[in-house]
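In this document, chain identifiers A, B, C and D correspond to the written order of the chains, with residue numbering beginning at 1 in each.
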Amino acid sequence: MGMFVGWGRKARVAYGFNEVALVPGKVTVDPNEVDASWSIGNFKFRVPIIASAMDGVVDVKFAVAMSKLGGLGVLNLEGIQTRYDEPQEIIDRIVAATPEEATRIIQGLYTQPIKKELITKRIKEIKAKGGIAAVSSIPQNADEFGRLSKAAGADIFAVQSTVITTKYISRAVKALDLKKLVKNMKPIPVIAGNCVTYEVGLELMGTGIDGVLVGVGPGSACTTRSVLGVGVPQITATSDVAAARDFYYREKRKYVSVITDGGMTTSGDICKAFASGADAVMIGGALARAEEAPGKGFHWGMAMPNRDLPRGTRVKVGVIGGLKEILLGPSSFDDATQNLFGALRNCMGVCGAKNVQEMQLTEIIIAGSITSEGKAWQREQKVGMGK
Amino acid sequence: MGMFVGWGRKARVAYGFNEVALVPGKVTVDPNEVDASWSIGNFKFRVPIIASAMDGVVDVKFAVAMSKLGGLGVLNLEGIQTRYDEPQEIIDRIVAATPEEATRIIQGLYTQPIKKELITKRIKEIKAKGGIAAVSSIPQNADEFGRLSKAAGADIFAVQSTVITTKYISRAVKALDLKKLVKNMKPIPVIAGNCVTYEVGLELMGTGIDGVLVGVGPGSACTTRSVLGVGVPQITATSDVAAARDFYYREKRKYVSVITDGGMTTSGDICKAFASGADAVMIGGALARAEEAPGKGFHWGMAMPNRDLPRGTRVKVGVIGGLKEILLGPSSFDDATQNLFGALRNCMGVCGAKNVQEMQLTEIIIAGSITSEGKAWQREQKVGMGK
Amino acid sequence: MGMFVGWGRKARVAYGFNEVALVPGKVTVDPNEVDASWSIGNFKFRVPIIASAMDGVVDVKFAVAMSKLGGLGVLNLEGIQTRYDEPQEIIDRIVAATPEEATRIIQGLYTQPIKKELITKRIKEIKAKGGIAAVSSIPQNADEFGRLSKAAGADIFAVQSTVITTKYISRAVKALDLKKLVKNMKPIPVIAGNCVTYEVGLELMGTGIDGVLVGVGPGSACTTRSVLGVGVPQITATSDVAAARDFYYREKRKYVSVITDGGMTTSGDICKAFASGADAVMIGGALARAEEAPGKGFHWGMAMPNRDLPRGTRVKVGVIGGLKEILLGPSSFDDATQNLFGALRNCMGVCGAKNVQEMQLTEIIIAGSITSEGKAWQREQKVGMGK
Amino acid sequence: MGMFVGWGRKARVAYGFNEVALVPGKVTVDPNEVDASWSIGNFKFRVPIIASAMDGVVDVKFAVAMSKLGGLGVLNLEGIQTRYDEPQEIIDRIVAATPEEATRIIQGLYTQPIKKELITKRIKEIKAKGGIAAVSSIPQNADEFGRLSKAAGADIFAVQSTVITTKYISRAVKALDLKKLVKNMKPIPVIAGNCVTYEVGLELMGTGIDGVLVGVGPGSACTTRSVLGVGVPQITATSDVAAARDFYYREKRKYVSVITDGGMTTSGDICKAFASGADAVMIGGALARAEEAPGKGFHWGMAMPNRDLPRGTRVKVGVIGGLKEILLGPSSFDDATQNLFGALRNCMGVCGAKNVQEMQLTEIIIAGSITSEGKAWQREQKVGMGK
């Protein structure tokens, strides 16, 4: 399970979505009869797809729409929604920016302080419209925003950082005590991330969280890998954290959901995430293409918390259809960007998996990029960039 | 025979056409004296190349032409030929569609119900013109269409699904009993597919079929791998199913032909399919380029019409010459798209293989794409896209 | 730790920046509290980034600017600065050349003899402006130029050749005795390079040098690998020489700094160099993009010493901002070309490394290029080529 | 020394020029003092570079020029030079053809019968002008053309086929008895090829030949790999045949020269061929770029012997300078296409090899393509396509 990159320097080989493929099963199942649902706390979701806490993707309206379609959307408590009373106006300014000025404009707009009353307001708006209110904060604000969210009636609370660990060394900043947070938030389930290794996944599970986000460096709006050199491809990261989940479940009888977050651009990638051990996936760019998304075909990194070193960029993905079409189909494109849930169910059928737990055992092969075989002749139909 | 993609997740490495090459033999053979024929049931074919059951490739006229040249063409019983009295008119509408509207138009045209009398009619037309009548149906229709085909005088019957297994789990749909079908179709040989593994290949052989189609996700008009994440590169898939064939032959003394289906875009790819164990190959795009093909330089996948989740695309391949030129030469191009059979015989000569069984033992090496060495200077002559 | 490329020909697999990534730590550290400093002789540098001895990058003014920002710039004693009284005029001519004539013009300008008094003058200029005077010579001139540099008050002396060894076989030329040079230069620390292997690194350390430069064939202005076929990717080269450093330290209790030189184009690459064992990095192109660089957005190989076989080319990199912005930030781009030191400290924080020695133990994984996952949608903002 | 591509199908991994690099030596040597000469029969050549027997490269004048510069050029006895009294006129027609018509025009011009008196004439012309007369025939004509060549005073005789073996199975054609040919040609040294394996290399050596050509499928004007699927990358092929040479030498005390033929596009590739075991290299495209080449910047496959299945294409390489510049320098480009011999001597110096035998022991590493590290910024100077 390793190669040498130099004298005495062993290194594992890690794999991403493009480097693997799934093997059809010995048995096949009617796609209409597979069960792809997942649960966290007392919530059960028919569609195991979560919209990322990105300002170009999830606002109140989008969170409600995801809930109604059987999925979940997470609202970012560190961004436009809680800094501005009229967030769409602000988002429209970001959307209208030229590519050259986009980063600077985004940097400027995010310096406006967070208004705590907006945290309460947004959560209540989601609940009032019948949505499940999932919200996300960075570790530094998690104690306070968690308290406010709980008081406002939030259903699920997420703590998200580029990289999270249970031990943060700093003289200047008091580190988050995740165990205490989980206790304080009860009975609200807590999701924490992002992590990419067995060890950190296991330690995070030990704090009592209900879900763990997997993914450092893979997303299309994320430049962590080129800026910091840090990143683990998602198939390996998900497999490793899933192994920690299975070990933790055997030891403690608590099942912590593994949520693959980032890097999936096609329905095939989503299928591979489940095959490598995910219970649910969190996606940004693919949903930013919905007519309902506030970013109108653009999305950008979470909160860009670091003014000195931006690591998210505004990405144009285009608008390709309604959220329902993207999530549940029917699709009139063949480019793996619509009917994501239908594709997952079809895949489960072909792999003979009646539910997600069986899907997690599907055989994976290491296989060169699809381009080497499947694209000998240029496709004439290019819909990838949307309208 | 495996790597780890994550903790406890072992994965085989699978290989496709572009990742391997063939090694010349210790002995060489005069290409004019090699025998590349294959047999199924009582039929023997001088040319081991089968035209795919795709509506842009095979109609009555094309099936007859393939027969006369020593090969075989399979007519799709689920498509335009059996839904419309005048299929060419319909195909012309598909051909005339703009790239943007192609998928929607195809989806619409395939909603027209199948007329069962046209199954009988098409088979009789092929027979009347002196062709071998091979026809293909999906598993759901195989019992009924098989009966009709047998009555109409069909010679070979194929059952084709994206992925086939001997066990399909469904409460809503009655699964096909392949063993019973084979029995009912006697003495007509039955081909079934597609599969990509030793296990499924062996189980399919156990039903009494005479040929098995190998290939999930590799074709140029097929998007199974990007939509579902599912697919096994063809060299590995063919080797595995060929190993099952050899095992089955040792056990049961019945030789089931292995037909590599999809993903071959050059004559070199076809040669590699035989070296990895194929008895025959099934190709679509390369033959769609013949003047005789109904698609006039376009072709599209069988699973493309799926209304919820289209998994094929209309591909423009262009028309490059007559079927005879493409199949048997002579070639005036050097881009490996003409004289496919001549190239196979030359390859067998160079590899020292006097027949297909010897060719199946040719040494394969793993070698990077040809682009890394052979294309240092841009070719000035680009004929790949046809006229 | 090896594969066979042919009968009896074993070959190691070597890795470069694009083929690896770093794994986040079990612990994370506040980036404001990490210590990335390095030392050589009695000099300690807060910023472990050294500007290459290239004429398009370092002149007197630039060397002083690097010193003031906490880093180091090395002045080339074999180039424009010591051949011409008014070097900027000459550099401007190189900058103004058309791409077609650039190589010939550079070849012509470098035939002008070196004026020894300019060696003294440049060193004194750097010292007078408060900079640390580091200078670089080729082995043939090292004895003489070393003596002149010491007399002029130089602080650090580097001996640089495409490939350096302790044993040079020639009947015509007297080889440099590096041991004697080090002794003569005392107390001035000597840096020597370039090398890429454990063996040569260890032998060089045995001569008493204080720093070793690692890198043959990786730089953007270097064509050694395509012209000579020679080159070792930097992750492996750095790991190997770092292993020699650690062995030498255990044996002799002397710590020789390992300086990765060349091939780093992003801040992520710099982070990976440290993770593979570097104490400091030497970069050219990334700093040639500073407003303060004499090359005004162009740089070119060191001295192009070989008139018959040029192995450096003029490369246009563009000007993207002030040196301070590039080195220390803040960055308003997200393309990993600014705030190089900030990125390194952030990376160390994420990897849980409190100092460079801990950073050298960070887990490396072998991972496909970032393009396979992170760039599914085209970035709209392209700043890579500068203004 | 192998992987599995499928159940029971083992396959070696083979390597080409782009996949490896050379490691600098522990010792370095003055490039002016290395000896890169090679011998065959009683001929000794200072420059181990042979011009391919291609009609766009070698005519009488070019063969003489190669001899005078210390190398060797082989004249094709199957092409334009022996079919036409005024070959340059014919070549000019090929050069003037449009890309679309080139293959057909070449096919037509090569149907003209070979005039045997021209074999004699061309050899005498080369000798008269002071060149070494090396000529090449296909196996079918080797007995006859060998006799004619010997009578005309040829110095070296080559037998070349896409793939050569000592055993050719054919009822229609009498196979060449290479052993007998070698005997009849004495004292003229015979070179035979092409082959790519240890076994065939060893068998060919057993016939008494003096040189063996290595390379199937790698050249830029060769489409064997895409048409036939057959080919072995040159590093592995050369290593394997070189191992056969060393074994044969130990057994029989006869040293048979290994000549790597095809696939080298840069001086770095040539250096790697020697490091993998070559005694000399044969190149086409790189020399077709000389002003002296008859093809005026174009070249094409040897004799295109197969009218039904052309496997060579006309390639435009452009004219970049005089033969002397390309072979011996000086170079005013840095793109590894000029001063090929100077680059080899420099490489030998850097690798510490005093002669070719030492160079054959240079350490090879497996290293990703140079593009991944060395070409971060676009080169502004593109001379690759010549004038």
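Note that in this section a residue touches a chain if its C-beta (ideal position, glycine included) is under 8 Å from a C-beta of that chain, and two chains touch if they have at least 3 such contacts.
These numbers come from a predicted model, not from an experiment.
Mostly differing positions are employed by chain A and chain B in their mutual contact, as under half of the interface residue numbers are shared between these two copies. Its C-alpha atoms superposed on chain C, chain A is turned by 90 degrees; the angle is given in steps of 5. The mean-CA centres of chain C and chain D are about 39 angstrom from one another, to the nearest whole unit. Our note on geometry: chain B versus chain C, Cα centroid distance of 55 Å, whole angstroms.
In chain D, the residues that reach two or more other chains under the touch definition are 12-15, 236.
The full set of touching chain pairs reads A-B, A-C, B-D, C-D. Interface residues of chain D, counted against chain B in their complex, comprise 3-9, 11-19, 99-100, 102-104, 107, 162-165, 167-173, 195-197, 199-200, 203, 216-220, 222-223, 225-234, 236, 263, 265, 285, 306-317, 369, 384-385. Contact residues on chain D toward chain C in their complex (touch as defined above): 1, 12-15, 20-30, 32-33, 198, 235-240, 242-244, 266-272, 275-277, 329-336, 339, 342-343, 346-347, 350-352, 354, 363-368, 370, 372-382.
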